Each structure stands twice: as structure tokens, then as C-alpha cells.
């Protein structure tokens, strides 16, 4: 479903990723791990089209290397950036609904997806009416997660979704995501995470990024302490 | 100051405020959405005025009714938006959104300089005057003083319509929401599928068309001549800053303050009339550092 | 000899309908490491904001070394010896990592000479050492905009540390830091803090870190300080397990 | 004998004052083309180069200097009186002949002595004084006056002279309002409301260009011109643009005897030839800066010819040309002008009353009077405002004037 | 390294040779240098991310201070005139600065504009004292007691300007690199952190603001003395805009760029207005567009890039 061949990415003139060859098939759940600054975020942003890439990226058979970033969510890709990036002028619920409005989903479909988000992240419901600019750091991560779930019918990319969440919540969300994935066997998930224990038994594959290159790994090796 | 004089000053102030608002609102919109202080706004304003005068003159020469001047104002505004605003955004601004803001400001400054000369090449140096629209509506007499219906009634009504319309557009339509979202974070907007390029293009065209409309509306009341844009920019800048970042209501309120301030100054202490916009700006910002309707943007920590 | 360094008394603040601090009273002893845990939106960051003068409480007072600092702006409180690392890193993004630290040192030493070069100040070696401590020596000359989120968090901590504070407040210092590094860095950090006799308060979601490095733990929920105690007893408390931890560590 | 006589002219090609600058440049080109076709000055063709005053003082002085150092034989600067104040001492230091061809400030020769700088037309004092005299002649018993002038040096200075003269010549007039809207103001509605409420007998405005047009248009639209008599000393340059807007019965001046239907000159062949050429080139009728330009060029030609004649046909040195300016008489498109010992030109002043006669699609003048310049100009060594304030009502009768009914 | 320094050194020598090698350029160059010094003032603020649309205020204040001093003390010495003028700029910089350093972004820019426009109006309104729109003459000051002719005086002014350019340029660059200068520049990116370092952003901004006022004042007084006349146009907003314009043209934030930009700008403007009087603004605007779109780091950016290519090493960052 997602095929990166010989992908290199640079920011400005600085090369960050080198010659990546990664194939991810449908309904996989991939954990992306690596040290700080290894290039996890850069890889996700490259798939979203926010960096200059060489090589080719194919999504469901289609070459999207040169596609405008704004056109990619329309393919069913949901992306929750690491640094939240909420629209503070809107309420929490408006933030979550906006992608659906952009995609011009009909009311029923929008409602269905919103309900699903609230089902997975019930805490969002309690803060639905609050301005997104005022929520706490962890709450902001939840909103970003919810917003990504609205769009991701084919591929969901979460950049450190549990970072800054209280462990109890993180565990619950991990469970919920797992349930989502199990219920809907067509969605592919890519999650970067610095606390791999949360993904244990959930990720079907683990990729390790190091010095701009990717290799297969396993979560079990990752636990150091 | 007796009541009559007071009322006269009030009327003058409102009429002037309406004009100031309709000119400044486009700048406010562009600044609010794109964070670009569009210096070329002044030129777009001037071109709007020139176009209206020329088109009206042409159409009247063909023997049509003066009332046709009104639709021609809209035509001119749209022409300015599409023919000038579009290319400016598309060819110039688009390339530098990720560069420092001062560069964006200067691109518009450069465009302003170029358009100043273009105006002179196209329309020459002699002032134009085309008041058919204003004359078509006639006069009203208040306390023995003649006012034009155009300035006293039509302009304030139009300004109000613009205010309400834009407010509604930004707050209550999907496109308005997309614009606001793109304003705040281009990349985040793109990552939920908003075509930020298109949003900015549309916004700039609308803002430019509003500048043109400002010029079109002003055209029957004043001489159209080289350099008219420069004056208007400074005034519009003052409105934008006093209003608070991109605050349309703030711009309306500021325009009113400036209009009333100026007309009362002319009645009471004419020497200070020129200073009114700046004094209002100083006082407002002293009390409210984020502008009249602005709110402090606290950094997330 | 348990000397109180920072004391909060009856802090109260709410935003709109949300109560972010509800009668919070807390005393921190000199030389201790206090961990603050709690669910998201409990008011942990808000507490740090109030202690450093960023937000003024509607009620209550904050004392630092016995002095009432409630009305002071952040920079005055900082000058008294309080430093802070942020949940969302606050750095000079167009300066390099090292320069960020050098500026911190210059602020600490109040360097004013107009012809002195920032890069040649005496504190340079000290700053390089700090960067090394948080594992960022290799990005010392990179601009902060070019750093990854995790790297920024670490540099942010180093910048706070460069002030040589008496009290260091850290908001989720290890979130976003790769789990392979977390412990290594905390180890070095805590050692350095105790050598320099710096008191620390850190908000943390990783219970592994809490249990290992905190002398004391405070639990926040819905704007209230729910309980306070040693890590052993707090982390075993059933309410804490239910609301915060989710499973026993 | 040089291959060509290089003349540098400063004029506004950009900015609001280009309403004067551009027609003047066009006029210069027409005149010099004809002059060169007739053999130039003493057999030497004239080569013009223009400097834009609108480009700012730095560019102006730099370029002025560059041209002088590049061998310009004579300079003509400037329109703006600020620029005259800058260029006059510069020309003096550089020892280059400079003809102030259009600026109006009376201060230049009253405050300084110049050897190289001459003014080939009148200054603000005779212009304002003639206006007062005309007003007193056609509307002797008005009681109240208000002024609406541009808020810059000319607007202030001209009002100072005008009001001083009025006070001296007709002390019983009351000034009921003084407005100085900013230069380039686009809207005079408030001032007009205020004036309507005040109802002064006479409203003076020495504004020009777009400001004057706007003011007149707005005043006419709102009926102010039906209740007060306007005195607009620079309106000759706006007549054509104002079209049918300017009603009959208002006093129009021309900063000298400049009018495309000049009663003395309209039938002269050279006058008619020029007017036709000008219309053909620009599509508009000539306005006063065109006349000023013609006078400056005529002065240059006259001075050189006088110096050549004095030298027995040989090409003169610069000093000899300068000397020739003493008492020089020359004629541009208006009446003859004489250079006085203080280098100030003595020029007649023409005023008239607006009328929509139907001969042209805009207002023309009737009841024209041309005042003799000599008696209007501040005597050498005196200061204008002071001199004007000491005038007496008898003085008014002593000024020589020609009246033309049609 | 030597190469990097050689070209600027050659440029300075070339400029210093102008009065002998190309005297017709002397005035142009002197005005450009004066403007360049003022532009450095604007550059200083750009380093803190602030754009002032009103710094012509200090340019004008210094020039008028000089003119008033010369009027009340005929034959005042050049050094005295310079000192008084710059002191005037600094003093007003402190007063206005105390007020405007609370503001950022457009508010900062517009408040500066407001102050300069108010000053401009005062100059025009109180025409009895200020000469109104025509301005007042600034007679040549004496130089160490000697009253000089235009020629030698201009030569002295020229070399004085060159010396000031070198001195002030050097000082500003050193200050940028100093702790105080670096702290000043952090205003651009993060005031929160600055506060949490115990530093008052307001005070940090004020220090740079005063420096910028002093620099603009120095430029203004030189301009006034060289021109021999000061007009309200010195304070007009277009002039403030022009300073920002030049700063970016040369290379935003670069001290050397300010001077190079000023020279290029003055040259283009003068020659364009002489040879393309109708379209000089278009020429200038077009030039700026090309620079911004194709070399956003300004002329200095082009120079750096060319140098990097010449010396064969890409810049490390």
C-alpha cells in the first residue's frame, strides 16, 4: 500500500534521509523507532509532502512523489504531527471536524467519524467546546490524534501520539487503537514512539531509523532498562 | 459648540469613516489572513479609482445613464482583484511565504513602486474626476447644509454591509474557516487537506478587489491623481494597527474614531486634524497594546 | 534541618469554567527532588506557571526562600534562583544550541561589555560540558530550528541548568526523549543536580523515572494536589494506579 | 563656441506636482525644437536634459551637480520652493547660471544675494497682491473671508501675504475661518460643511492640482459655490480639467499673465503657433508652467544674444552671460519680463472671472485685468510681508491696470 | 580568509579614492554613505525581528538639531554640531524607546511611524520656527575654527563619513557578537525564554533601539550638513520605508550590506531618475523584486555565495 523506493529527503540543503526502501502492506501496523534526531518525524513529513524528496513514493499503486501536500489527506491519509499544531482560533470540536468539512463529507458520514473519535478518545468529548489554544500539552496531543483519526481511512500516521500523556491514558489509547485496527482490517498505521512498550503486541512490524537509514528491528530489543 | 454644529460634525465624521473603512478593510483582511502588510494596497486602491473613472467616462460617452456607474464600480473592483491581485500573489508572494515577513512586505513595496509608474504611464499626470455616480443620487439638506446622498447615506450603508458580510463570511462559512485555519498554520492546514495555496490566492484576490472597491467608491468624491495611493496606505496602516491584528470590527470602529476625530478636529481645532489618526493610534495602543479588538497572543509553554 | 525552599499556599486559578489550581498548598524542601504526576489537564504546568510568576493566581501566595514572589514577573523570580525547562521547549531558534547556552550564561553573569565576543566568554567550556551532559554535544553548532523535538527538549533543560539555579523546574523533561537515552540522561542530570545542591521539581509521566529519581511524589488531579509522599507509597496507591499509571510498574 | 548649449532642467515628472512639471517639459521640448530649427542660440543648438524633482532631494542635488560638473552651461531649477532653496546656494557655489523658472517663494532674493541665480518670473508677493487688488475691484464691499489652503510652505506663505495685504488695503474685513487641510487631502467634506454653516462672502484657496480640483468639485457639488465667491489664484491651471464644474463668477488667477487666451497675445502668430503645437503634442491647452518655461528659455536666449552682441558677435564667456542678465528684457508667451537688479523678474499679473461661455467645454475668463508688475513687486531691499502690511488703500488706485471686458 | 577580507578592503580603498579618481561621484557617494549609516540603524532592529516604519524620525531630529544649533550659534564647529545632533537623536530615542519597546511586530512598526509622522507634522505646522515644508538651511559649520569653501569642506565631510562608516560599522558588528547584542537578537525568536533567563526583553530591546537611533541620527546629520538644508521630508514615512528597503536590498541584518545597499540604491535612483525620469520607481521596484525573489539574502548574500563557490567550500551551516 505504501512503497518508498530509494527515497532521500533533505530539509533545505541538508540531507536527512538516505536511500530508503520501505514497503508497507495494507493493514500493517508499523512502529517507527530511533534515537532523537534519527529522522522519524522527517520520514512522516516526507510522506505528507512537506520535504523535498528524491526517489519515489507510491501510495496504493499511485505515484504521489510530486503530489501537492494538500491533496494527500484526500487519499485517506490522517496525520497527527508531533508538535500538535492545533488551530487555536477554533474549539476542540471544530478542530476535529475541520478535516471532514474540507473533504466535504456528508453530515451522516461526518457524524459517524466523529462518534468514532469520541469513542476512542472519550476525554475529547468533555473538552469539545473549549478553545483549542488553551488546552494543556497532553490534551493537545489528544486533539491532534482525534483530528488525524477523522481523515485516516487508509493510512494513519501518528508522530509520538502518546508523548506527554499520562500512562493510564496512553495505555487506554493504545488499546483503543488496537481495537480500531482489529475492527477495520483495511487501515494501515504508522506510529513513531519513544516508549515502545506501549506498542508491544500491537505493532506488526518495527522499523529502526538510524543515521538516515531504515532497518527492520524488533521492539523486544529496544527495551534497555 | 451648539447641537447643530455637533450634528454636522457627526455626519461628516460618519461619511468619512465609511470611506476610510471601505478602503482599509481589504488591507485588514489580507493582513489578518496572510500576515502581510500589503503596501501595494494603495496602488490597487488608486487603480480601482482610475478604472472606475475611465470606464464610467467611456460608458457615459456612449450615452448610457449615470446610474450605470454603480455596477461599473463592482466591475473595476473585480478587475483589480483578478488582474492585479491574482498575479501579485501567484507570481510573487507565493514564492516567499517561508521567508521572513519583512521580505513579503518589501515585495509589496516594490509592487507599489512599479504600479505607481504604471498608473502614470497609463493615465498620465493630470487629475481625473468622474462624479456621475455621486451626482446621480442628488443631495439632502440638513440644518441648511447640503450633503450628498452618496456620502452621507450610501457609503455608510455600504460600509455596514461590507462589515456584516465579511464577518459572516469569515466566521460562519466553511471557506471562512479554511482561511482562518490556513492563517494560523499553513502546514497544519495542508495536512488536513486544505489547499493553502488556493486559499491564499483567493484571499489576496478578495483583499485586492476590496482595495479596488475602496478606490471605486472614493472615485466620485475626489480627484484621481498620481500619488493618491501613498496617502491612503499610511491611513490604512494606522487603521489596521489600531484595530488589532486582522480585526474587521476593529477596523470599522477605528475608522469611525478616525472619522469623528477628524471632523470634530476640523470644527474645533483644525490644526490638529492631520494628526488625528496617529493620536488615536497612540492613545489606543497605550491603553490596549494589542489594538482595539486584538487579544494578547500568549505563547504556549 | 529541613529548610523550605519554595512554598505555595492556597493557590487558586481557573480559566473560564476549568479549575486549574484549586487550593493548592505545597512546600518543597531544599535539596529534594520532587516529582509531580497526574492525568493530563490536571494543572501540573499551571502550577509551575504560577510558581514562576507567568500566571498570577486569583488567590494564594508563593514564597521562595521565605520571600513572597507572587507579584513578581518571571524574570525577577528567575533572578532569585529559579530556572525552568518547559513542556514545549523555549529556545532561541535562530541561534545554535551552544549559543543558547552561552546566552544563558551571559544572562546569569550579566555580561554587558559591548566589544566582548559571546563565543569567547569564560563560561564556554562549562556550557559545552552541559551540552555533553544532556547528550547533545554533537549538535552544539546546529541551529535550534534544525534540531528534532527530542533534541530541543534536552537543550532546553541544559539552558535552564546553565543559570545555576537553586531550584530547577522541569516540565516533562523526558517526554519525547528516546527511551534508550532517557535513563542515561536522567542519571547524569540527577547526579549533577545533587552535586550542585540544586533542588528540583519535575513533572513526569514515566513512572520508571519517577520511582528511580524522585525523593517525593505529588499527585495532581483536576487542579488539586491529591496526595504527596514517597515514591514507594504513592506509586502503589490504588487511586494513582487507576487514574495515572494504568498498571503497576 | 560649444557644439551645443547644454541646459539642465529640474521639473516634477512624478508626484502630484507633475501636473505642472510634465506640461512644462513638453513645452520646453516644443520650444527648443523650434529654436534649434531656427539655428539655436547664436548658431549653437540647445540640448536639454531633465531631472525629476519628484525623486527626492538627494537624487536631485546629486544629479544637478553631476550635470554641472559634466559641463552644463545653464541650469533651470526648480518648481518646488524647497528645491529652489536647496539649489540656489548650490548653483552659486558651483558658479553655474541657474534660472529659477517656476518657484514662487519670495524669500530667496530677499534673504540672500546671488550672482548666478535669476528668477524669470514673478514671486508670491505680486501674485497675491494682484489677487487682492482684483478682488477689491470686482467685489469691493465683502465683509467676511475664509481660507482653505494646503498645509505646506506655499499655502502658509501665500495666506500670510494675502492676509497682510488685505488687512492693509481693506481693514474692515473679518477672517472667519482658516483651514489648512493636509497637502494631498482627498476629502474636504468637513471643511465644506463648516464653510456652509459659516457662510463667508469670500473663500480664498491658493491650492493647486488635484487638491484644488477636489476642493472645487466637492464645493460645487454641495452648493458652496453658489453662496460664496471663490478666489482661486492658481485655478487657471485647473480650468480645463474642471470642465463644466466650475460655475461662473469666481475669481481665477494665473501666477502671472498666463492664459491660453491672453488678451494681448492671443492673435500673435508665434503665440498661436505654439498653442497649436502644444495642443497637438499633449492634447491639452497650455497652462501657466508652460508660460514660465517659455519665459525661462526666452531669458536664456535673450541673455546670450545680448552678450554676443556686446562682444561683437563672438561667443561670450560665462561671466559675460551673467552680466547680460542685468536689466535684461525678454518675452516668452506672455508680456515682456524684465530682470531687476536683485535678479528678480518683473512680470505682469492676469486675473479674471470665470464664465461658462460655451466656447469651450470648460470655464474661460471674462472681465480680465492685467496688472503691471513693477508696482506689485516688493522694492529691492525690502521684506515682502513688512512692505505689504504698510500699503495704504490709496496704493490700490495707483497700480496700473489694463481691463478687458471680453 | 584573507580572500574574504581582501575584497572589502579593496572596496574601502576604492571609495577613499573617489574624490581624486572620480570627483563627480563624490557627492553621490557621500550621501549614500550617510544613508548607509542610518540604514545600519534599521538593520540593528531587523536583527531583533522588528521593522520600524519611522526611523526617519531620528534621521530628521539629528538634522534639525544641527540646523537649529547652527542658526543660534553661527559658525559652530563641526564636531560640536555632530555631537549635539547625535545627542538629540539619542535623547529622543530614549524617550520614544521607553514607550515603543513594549510593542512588537506591526504595532512596533506603526508606533514608530506615528511618532515620525507627528514629528513631521510639527515640522510643517510650526513653520515660523522650522521653515515649514521648505525646511531650513544648515550653513556650513567651521572645522576647527576654520570657515571653509564648499570644495575643501565637502572633502572633509567625505572622509569623515568614510571614517564614521568604518568606525560605526565595526562597532555595530562587534556589538552584535557581544553577549548584550546576542541577547538583543533573541527578541526575534523567543521572549519567553529570555524572561526565564532573568532578562527584561523590554530593556534588551531598548538598548538596541537607542543604538539604532544614534546611528540614524548620525546618518541624518551628515546628510543635512552635506545637503546644506534640512526639510520635513527627512522625517517622511517614505524615507523610513526606503531605509528598510535598502537594508533588505543589501542583506537584511548585515552591516556591510547596509552600506553596499545604500550605494547601489542611491546610484540606481539617481541615474534612473536622470535617464529614465518617467519610470525610475519602476526600475527600482523591479530591481528589488529580482533581489528578493532570486537572492533573498540580498547583495551580501550573493557575495557570500560567490565567495563560497570561488574558494571552493560550501558554507558549513
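We just call them A, B, C, D and E in the order they show up, numbering each chain from 1.
Assume contacts are C-beta pairs under 8 Å (C-beta built on N, C-alpha and C of every residue); 3 or more make two chains touch, one makes a residue touch a chain.
Owing to the predicted nature of the structure, the values given are computational and were not obtained by experimental measurement.
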**Report entry** Shortest contact path, subunit C to subunit D, counted in steps
**Finding:** 2
**Report entry** Reference subunit C; chain at largest CA-centroid distance
**Finding:** D
Report summary line: Expressed in whole Å, how far the mean CA point of subunit A lies from that of subunit C is 29
Query - Centre-to-centre distance between subunit E and subunit B (centres being mean Cα positions), rounded to whole Å - result: 32
Requested in this report: List the centre-to-centre spacing of subunit A and subunit B in whole Å, with centres computed as mean CA coordinates.
Outcome: 43
Report task. Calculate how many whole Å lie between the centre of subunit B and the centre of subunit C, each centre taken as the average of the chain's C-alpha atoms. Result -> 48
Requested in this report: Any chance you could list the residues of subunit D touching two or more other chains?
Outcome: 14, 151
Query raised in the report: Can you list the residues of subunit E that touch 2 or more other chains?
Result: 125, 192, 278, 280-281
Report task. For subunit B, jot down the residues that touch at least 2 other chains. Result -> 116-117, 120, 271, 274, 299-301
Report summary line: Pairs of chains in contact here are A-B, A-C, B-C, B-D, B-E, C-E, D-E
Query raised in the report: subunit C touches which residues of subunit E in the complex?
Result: 171, 174-175, 177-183, 185-186, 188-190, 192-200, 317
Query raised in the report: Inside the complex, what are the residues of subunit D that reach subunit B?
Result: 14-16, 18-19, 21-22, 151, 178-182, 184, 186-187, 189-191, 193-194, 196-197, 209-211, 213-214, 217-218, 221-224, 241-243, 245, 284
Query raised in the report: Which part of subunit C faces subunit A closely enough to touch in the complex?
Result: 15-16, 18, 37-41, 45, 87-88, 139, 146-151, 154, 171-172, 175-183, 205-208, 242-247
Report summary line: As the complex stands, subunit E meets subunit D at residues 23-24, 27-28, 31, 35, 124-125, 127, 131-135, 137, 149-150, 223, 227-229, 231, 233, 266, 269-270, 273-274, 277-278, 280-281
Query raised in the report: Where on subunit D is subunit E touching in the complex?
Result: 13-14, 49-52, 55-59, 61-63, 65-67, 69-70, 81-82, 85-86, 89-90, 93-94, 105, 151-154, 156-157, 183
